[in-house]
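Sharing a structure, written as C-alpha cells. Questions coming.
Labels run A, B and C following the written order; every chain starts at residue 1.
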Amino acid sequence: MVYHFEAIQAFSRSALPRLDIVATAVFAISGALQAAKARQNIVTFAFFAAVTGVGGGTVRDLLMGAPVFWVHTTTPMAVCLVMALLVWFTPTRWWPHHAIDWFDGMGVAAYGVYGAAKAQAYGVPWLPAAVLGVVTACMGGIFRDVLANVPSIVIRPELYVTAAALSAGCYVLLAACGVPQLVATTIAFAAGFALRGAAIRHGINLPAYRRS
Amino acid sequence: MVYHFEAIQAFSRSALPRLDIVATAVFAISGALQAAKARQNIVTFAFFAAVTGVGGGTVRDLLMGAPVFWVHTTTPMAVCLVMALLVWFTPTRWWPHHAIDWFDGMGVAAYGVYGAAKAQAYGVPWLPAAVLGVVTACMGGIFRDVLANVPSIVIRPELYVTAAALSAGCYVLLAACGVPQLVATTIAFAAGFALRGAAIRHGINLPAYRRS
Amino acid sequence: MVYHFEAIQAFSRSALPRLDIVATAVFAISGALQAAKARQNIVTFAFFAAVTGVGGGTVRDLLMGAPVFWVHTTTPMAVCLVMALLVWFTPTRWWPHHAIDWFDGMGVAAYGVYGAAKAQAYGVPWLPAAVLGVVTACMGGIFRDVLANVPSIVIRPELYVTAAALSAGCYVLLAACGVPQLVATTIAFAAGFALRGAAIRHGINLPAYRRS
C-alpha cells in the first residue's frame, strides 16, 4: 500500500473535506428521522444518527486503509449528536414530505463525490475509486434500514444506486479530463442529487430485468 | 494515527483484558442460545457463538486501527466454541427465562466499559471513545439478530443502547475524574448492567418520541 | 502484527490467488441472479454482483490486517461488472434450477480454502485461520441476502456453514500434515463443494438442536 502523501495533503487542504461534514450531517438527520418514525427514545435517536451519519465514510476509510475519519477527532460525532437533538426537538409536521429520502439523497450525492475523490487522493485506481464512492454513498442508508428492520433502500423500486454511481462516475470522469476540482465536484454533486430527486418525486427508474 | 505505546502496554498489563474474555463468553452464549431457538445444528451454533462473541470487539478494533483481538491468538475463538458446546449440551429448561437477554446484557455492560477503556488507551478522545464503547457493546447483538433474521435488539421497546451508553459514559467520566481504574470499571459495569436488567425485568424505557 | 513476508510472497506466486478470482466471479453471479429475482435494474445488478463478489474477501482482508484485495487493483471489480452484464443478458430459463445456490456453493468451497490459506500465509494460527476461511466463505452470501431482504442463507434448513467449515478445516488439516498445496486445495475444495451440493440437492442437514 503506497500512500501518496502529497496528494493526501493537497486533498486535506482543499474544500472537499467540508463535503464530508455535510454528508455526515444530512445522513445523521435521515437516521434520526427514521428513529422518530419508529418512536424511539433520545439515546436511540443519537445511535441511529451516528450509525447512519458516519457509516458510509467508515466503510470507505476501512476499505482504503485510511484512519477512520471520526475516531481521532471529535467534530463528526458531535455533529451527529447535534443533528439527533435537532430532530428530537422539531415537530414531525415541520419536516417536508419524504424528509428521510431528501436528506438521504443529499448524503448520497455528497458521499458519491467525496468517496471517489478521497480514494483517488489515496492512489486508488479509477474503477475501484468510483466503486468506493458508490459504497460510501449507499452504506449509511443500508445500515439505517437494517437497524430499523425495514427493506434496504437499494431495493426500492426507484433509482438509488444509479444516482450514487452518477455522482461518483461524473467526478472520476471530469477529474480525469482535467476539469478543476471545485467545478467537477459541483457538477457531479448536482447531477447525482437531481437524478435522485427526480426518482423520489416521480418514482423514475431504469428498465428492470424482465427476461424469463 | 499516533499510537501511545506506554498507555497501550499499561492497559495490556491491567485487569481490563479479562473483561474482554468475559464479554466474549457471555455474548457467545447469547448467540448460541439464539441458534438453539432457531433449531440449528452444532456447526451453526458455533458460527452464531463466534459472530456474536467477537463481533462487537472486531468492529471496535477495526475502527481504532488496532489488530483484531482474536485473529493473532487462539483463546477468544476457543472460548466461543466451548460456549457453543456448553449451550448445545444443556437442556433449554435449565436456562433462566430470557436467558439470551441476560447474557447479552452482561456483554453490553462489559463491552461498554472495555470498548471505551481500550479506545482511550489507544489515544482516542473522550467523545469518540465513549461512542466506540457503545458500538462495541451493541454490535454483537445486532449481528446475532440480523443473522437470525429477527428485529435488531436496539429497536426493542425497552432500554438497550441507553444501558451501553451509561456503562461507557460512566467509565469515561470516572476515568477523567481520576478515579482508580478498577473502581471506575466496577461502578460503570454495575450501572450499565443494573439499568439493562431493570429494562429486561420491568420493560422500562425513556420517554419515546411523540411529537407530530 | 508480524508479517511473514517470505510466506506471503510464496503465497502470491502460487496458484492459489486464482481461486480468489474464481470465488469472486461465482459469488458475483449469485449476487446478480438475486438482483434478477428481485427485478432490479442494471446498476443495482452491478451493485449486488460487487457486494456479493468481493464481500467475503473484504471482511477476510480487514480482519487479518491485509490491504483489501480489490482496492488497489482493477481486475476483481471488473470481473464483478462483467458477471453482472453476463447475467443481465442471459434469459433466466437458461440458468439451471437453484442457480443462485450452485454458484454460491462453488464460492463457499473456494473461499473456505482460500480464506484459510491466505490467513496462514499471513501468520494467523490454525484455529483463527480456519475461522477466517469460514467467515470469508459465508459473508458474501450473508451480505447478498441482507441487501435483498431475504432470510440469510446460514439459517436455511440445510447444510451451509458446515460445508464452509469442511473446506477450511480440511485445508488447514492437510496443510498441517505436509500434503502439497495443490493436492490439499483440490481435496478441500471438492469436499466442501460435494457436501454443499448434496445439501442443495437432497436437503441434508446435521441433526438440529431438540433439547427442551
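Note that a residue touches a chain if its C-beta (ideal position, glycine included) is under 8 Å from a C-beta of that chain, and two chains touch if they have at least 3 such contacts.
Worth saying up front: this structure is predicted, and the values here are computed from it rather than measured.
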Neighbour overlap between chain A and chain B returns C
Chain B and chain C are the same sequence; what rotation (0 to 180°, nearest 5) superposes their CA atoms? 120
Chain A-chain C separation of Cα centroids, rounded to whole Å: 28
Two or more other chains in contact with one residue: find those residues in chain B. 62, 146
Residue positions on chain B within touch of chain A in the complex are 1, 62-65, 119, 123-125, 127-128, 131-132, 134, 138, 142, 146, 151-152, 154-155, 159-162, 165, 205-212
Using the touch rule from the top, collect the residues of chain B that touch chain C in their complex. 35-36, 38-47, 50, 58, 62, 67-68, 70-74, 77-78, 88, 90-93, 146-149
